[in-house]
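Each of the next two complexes has chain A plus one other chain: chain B in the first, chain C in the second.
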Partner chain A sequence: MPSLIWKEWHEQSWKLGFGCVVLVAMAVIGLRSRIIADDSMIAWVCFLGMVLLPVLSASGLVPAERSEGSFASLLALPVSRWRILAAKTAMGLVLCAGPMIAAALGSLLVAGGREMTSAQMLALYARSTASGILLFIWMLALTIRLPNETRASLLGIGVLIFWIVATLGLAYQSVPPLAMTVSPLALVYGFFNDIAGGPPLIGVLAAQIAIAIVSWWWASRQIAAEDRS
Partner chain B sequence: MNQLRSLAWKEWHETRAFLWIGLGVLAGLPTIAGLEAMAQYHHQFEITASPWVVIFGGVLAIFVAAGATCRDLGDRLENFWRSRPIGAARLMLVKYFVGLAVVLIACVLPLILEVQFNRDKNAVLLMIWMPFLWLALYSLGFLAGCLVRSTAHAAMLGLSAMLLVYFLPVVLPPLQWMNVTVITDDFVTFGTWPDICTRGHLAFAAGMLGLAVLAIAAALLAVRRGWRIESGRKMMYGAVSAAVLILFGSAAFQLGTNLPILQQIDLPSQEWVVRMRCDGQRGFLLTGLPGPDQYVNGRAETTVQYRYRSVEMSATGIKLGGPLQAFKMLDFGWASDPPQAPGHPEIAYWPAVVNDGSKREECRLDIYALDSGKPVVNSVHLWQQSDQERGFANAIIWRGKLYVIGSHAVTLDITEPLQPRIMSDQLLPTENNNSWAFDGSGQVMLSLPPVTGLPARQRLEALVDHPWWPLWRMDGDVLCAMPASRFERQLLAYRLTKLTDTAATFQKIGVHEPTLLERFFGQSYYQEMRMQNGLVYLAIGYQFSQAINPSVSVFDTRGPHPLRMVGHFAAPGALEVCPLPDGRALVGGSKLWLVGPPPRRGEN
Partner chain C sequence: MNDSPVIEMRGVAKSFGSKAVLRGLDMSVSAGQTFALLGRNGAGKTTAIRTLLGLLKPDAGEIRVLGLDPAHAPLEVRRRVGYVAEDQTMFGWMRVGQLMSFIAPFYPTWDATWARELSERFELPQKTRMKHLSKGQQVRVALLLALAHRPQLVVLDDPTLGLDPIMRKEFLRDLVTYLQGERVTVFFSSHLLYEVEPVADAVVILDHGRVVRQAATEDLRASVKRLVAGTEGAEVLRGLPGLLDFSDHGRQVSAVVQDIASARPVLANAGIAAQEIDLNLDEIFEAYVIGRTKERPDAKPDLERVA
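== the complex of A and B ==
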């Protein structure tokens, strides 16, 4: 397992650096110059991280390796398939969460307690990171059989658009509030613009963890099935 | 010669698709828009191609260059060309000039049409000087193509280079002479020909020409020596994100807050400033606080509780009075600045024209005492009119008297501010509707109402305080106006050139149209405009939505470039601004900020 993680780290660490540089630079430049109000700036950075990082991570883990032709060799190694997927998932989580954590620290240093309290700022980053991770699990599961990064990126963007539209639909008054718990964006919906209401946080977390486990299990089945064929 | 002709013929056949696409976008779409506008608003056909050409001309240049180079620089085709008795430099130069011709025709032809059809001659400047920019961008795209030899990667690199050419001169002062805004922001008076050759224009052209020569020399060398850069994911991610960060950095440089915060006063949680007035010593603050939901026709609507606070300015800063229950002046027009009783900033006069459903309307004067806890403390009936007459009246206080001007002119004694007394009532002749006068025309003439006893200047000032949109404000002889729609996003400056007893004549001196960057960062919805000391304070954003970035931008109306942005202040809910006579300003949002004057700029 450590060897698998080392391999993933070796291949993907540049993306972590790239994500950290872009998000931290945007947050720090924007907050230092006060180009827009702090809450708007942080919402922008969170939104960017939440939509960009899952697509970059999910498309770069399995589909990119398939297009390079090394995935078959990886599957041929004497390692159980779920371990391969677990190593890739762990790296994906780091890619999604690392830049957001770095941006949160940068934001706190530059503008903590200025217009927003530090707790508000951290809450926004934490919820956006969690939503990004949940989107990543969705994208990982759906793109795991795709042959190249381009297709995976397009499908990832499709997943993103689907959940944005679906979340808006689920927020409609006639839909029961509990239905919103299925959306990975439920954690941030309304939080950016102080819209009250929505399902309770505990309910959302419980539903989302369950969905993430099922998605991941389904992805591991996909790899296992591929191996057998 | 035959060889050159054959190569040129081949290139033309391969590149001409870009010409048709370019002309379709840069000339075709503006023509359709012109025809649509002609059918809807005007009688004269006008084509506005310059915004399209300015934005998309560079993109077209990059695409043509990347396509021209990478088409024949793939492995097999390159070997084929090397086996022909044609020099690499000759082949590449033919490609270069044919592609360049396509770019220039596609970009310049729409501008020629614009100059031909429009009364506005600003496109002449673009027609003369922008080709130098396109030449530089095309050459950079050509160089990118010769180095990476992959169309998609070359286009991405070229676009990154384009962002640098546009925005590096904004960020780095030593490169200011290469700033493209020298050309795009050079405003000329409507209907006249621009100053087509200045030192700034020549310096810009020289810079672009130098860049182009360097790029094409490097491209030829790269092909001759077989230099090649292996482009991959890392490089592309890096190039694009670096360019985006430079773009963001330049936006921060241009639009970052530069009004120093001198004092900040916290308001209670969830309370925000709705309206604010201060003459430099005394004033008031009206704030809103979300109240309980109220059900209207089965739908929940959030109510707002209003609070009044007095404002006192001193050398040490702002002193706020205790909160009192208040009512928002809901009947006030968006744009109105109702006159306040002398010495009583809390007392405001609002001439309301009320239609009771019949064909008659009543004009009455509503007196508001904002600290009284009542919506209207007193009303004075002024006149009756038919619903065909002007639906609003203007008011001005001069020498202790209040003048209300609409279809009548009524003079009131306001010695007792809450009990105004009518002194005279004069029927006015039917006026020309001035409401849409400042629509961007070069010269504007406003007819002044013949009010007995009120000088022409005061009648003009009364007329300028237009209660609804479009919004006009005047400071000295300079009038700033926003077009009828707040979504048109233009700010216009006019100078009063002639004032007679019957009319005021204005000449347009400046226009500000938000740049792409400014629009991107939310400068799309004007909320409020104030003028003081030659500066225009523009509150931008939408009061009922937090999604659109609220901020205050400051423009200088003086100097050779009126309406150049000199200040910016972004803060939560910052939608109310009140400039003070000493150069400072009050900005209201979720807090109250006292800010200093904008830093002076050398060129203005």
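== the complex of A and C ==
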């Protein structure tokens, strides 16, 4: 397993650096220049991270390796496929969370307690990071059998657009508030808008973790069945 | 050494959708043999190899590799087998040394000293990235990785594919030197018969997912013969037991039989004087996979070989 993680780190670490540079630069420059209110600036940074990082991670982990041809070599090693997926998932989580954590620290240093309290700022980053991770799991499960990074990215963007539109639809008054718990964006939506009569944060989190586990299990089933059936 | 076969396949079948690729495959490989799996493209060689390694699950049949069932213990099989895949693509960004360090932890029996020795013998540059190596060097790296954990069995799926003739010869030289000398069982697939012939102790000929012949290479050469006779012998030749190929060339007819010993009495009883011609592995293979037992006007006989 450490060997697999070492490999993933070497292959994906440039994305971590890229994500950190983009988000930290956006947060620091945006907050220092004060072109818009702090909460709006941070919301934009969070939105960018939530959109960019899961697509970048999910498309680069399996489909990119498949298109390079080395994925077959990886599957032929004496290592279980769930370990391969676990290493890739761990790297994906780092890619989704790392730049957000860096941006959160940068934001705290530049504007912590200025217009937003530090706790509010961290809460928004935490919810956005969680939503990004949940989107990543969705994208991982849906793109794992795709043959290349381009198709995976397009599907990832499709998933993203679907959930943005669906979340707005689920928030409609005629839809029971409980339905909102299926959306990976519910955590962020709930930060800005009260979901009257909806489940508490802990309930949304529990539902989302359950969905993520099922999605990951489905992804592992797909990778286990690959070429074997 | 244990006498039980290193590889045993019984009635193995595998289909992809409606396409049957393996149709009741039977074969047995003894310890220490260099065993060649021969077949045309699409004959099922790679599928057979992938089922041996537990990379594919057979639909039916029984497989034992080193006494293990690869469908139930694929990781244990792969730990004990060295495998070079057909047209294998390694991680291009890794340097040769990095790749060796990456692969080593997956094999409990990895021998770092032996790996270094192989690397020197194969003249592999440790600090060069895989994507910058020549095709020949990449194949050697794959062979090194397959051997460095001192496997009891090495499975090579068309390992010389994509190499030029000189590189193919060098690769096979390495194969002979390092594997046969170590008494490692080698199971390799190829469609380049002239390369297989000097190194294979035994061959199995695969056609449309079925084994059409398994034999020691020498036995195969001793038993499969071409018979050439005058046209008066046409009917007798057509009726020979184990007929693989029959051609009418006008003034002569020829037949390839899979067991000359059983053909001789038939010819003697019929009073037909036929010349026996030795065949090389290429010709034997051709007789098995594309041989026709009915008249073939376009066939060109190898009459130069008639003594």
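The rule we apply is simple: the second predicted complex is superposed on the first by the 219 of 229 C-alpha atoms of A that agree within 3 Å, B and C clash if a C-alpha of one lies under 4 Å from a C-alpha of the other, contacts with A are read in each partner's own complex, and residues count from 1 in each chain.
The working rule: contacts are C-beta pairs under 8 Å (C-beta built on N, C-alpha and C of every residue); 3 or more make two chains touch, one makes a residue touch a chain.
In this text the structure is predicted, and so the values were computed from the model without any measurement.
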Practice prompt. Using the overlay on chain A, decide if chain B and chain C clash or can fit next to each other.
Written response: fit
Worksheet item: Now for A:Ala37: first (chain B), second (chain C), both, or neither, which partner does it touch?
Response: first
Discussion item. Quick check on the superposed pair: does A:Glu115 touch chain B, chain C, both, or neither? Answer first, second, both or neither.
Written reply: first
Worksheet item: Does the superposition put A:Leu77 against chain B (first), chain C (second), both, or neither?
Response: second
Practice prompt. Tell me which partner A:Val21 touches in the superposition: chain B (first), chain C (second), both or neither.
Written response: first
Discussion item. Taking the superposition on A as described, I'd like to know which of chain B and chain C A:His10 touches: first, second, both or neither.
Written reply: second
Response to the item:
Apex chain A angle, CA centroids, chain B to chain C, rounded to a multiple of 10 degrees, is 130
Worksheet item: So, A:Ile29: does it touch chain B (first), chain C (second), both, or neither?
Response: first
Discussion item. Please give the nearest C-alpha separation between chain B and chain C in the three-chain superposition, to the whole Å.
Written reply: 13
Worksheet item: Where on chain A do the contacts with chain B and the contacts with chain C coincide?
Response: none
Fill in: Contact set on chain A toward chain B in their complex
14-15, 18, 21-22, 25-26, 29-30, 32-40, 115, 149, 193-194
Worksheet item: Where on chain C is chain A touching in the complex?
Response: 50, 53, 55-57, 75-76, 78-79, 83, 85, 88-94, 102-103, 105-107
Worksheet entry | Residues of chain B touching chain A in the complex | 233-234, 237-238, 241, 244-245, 248-249, 251-253, 255-257, 521-522, 546-547, 549-551, 569-574
Worksheet entry | Residues on chain A engaged by chain C in the complex (per definition of touch) | 2-3, 6-7, 10-11, 68-70, 72-73, 75-80, 227-229
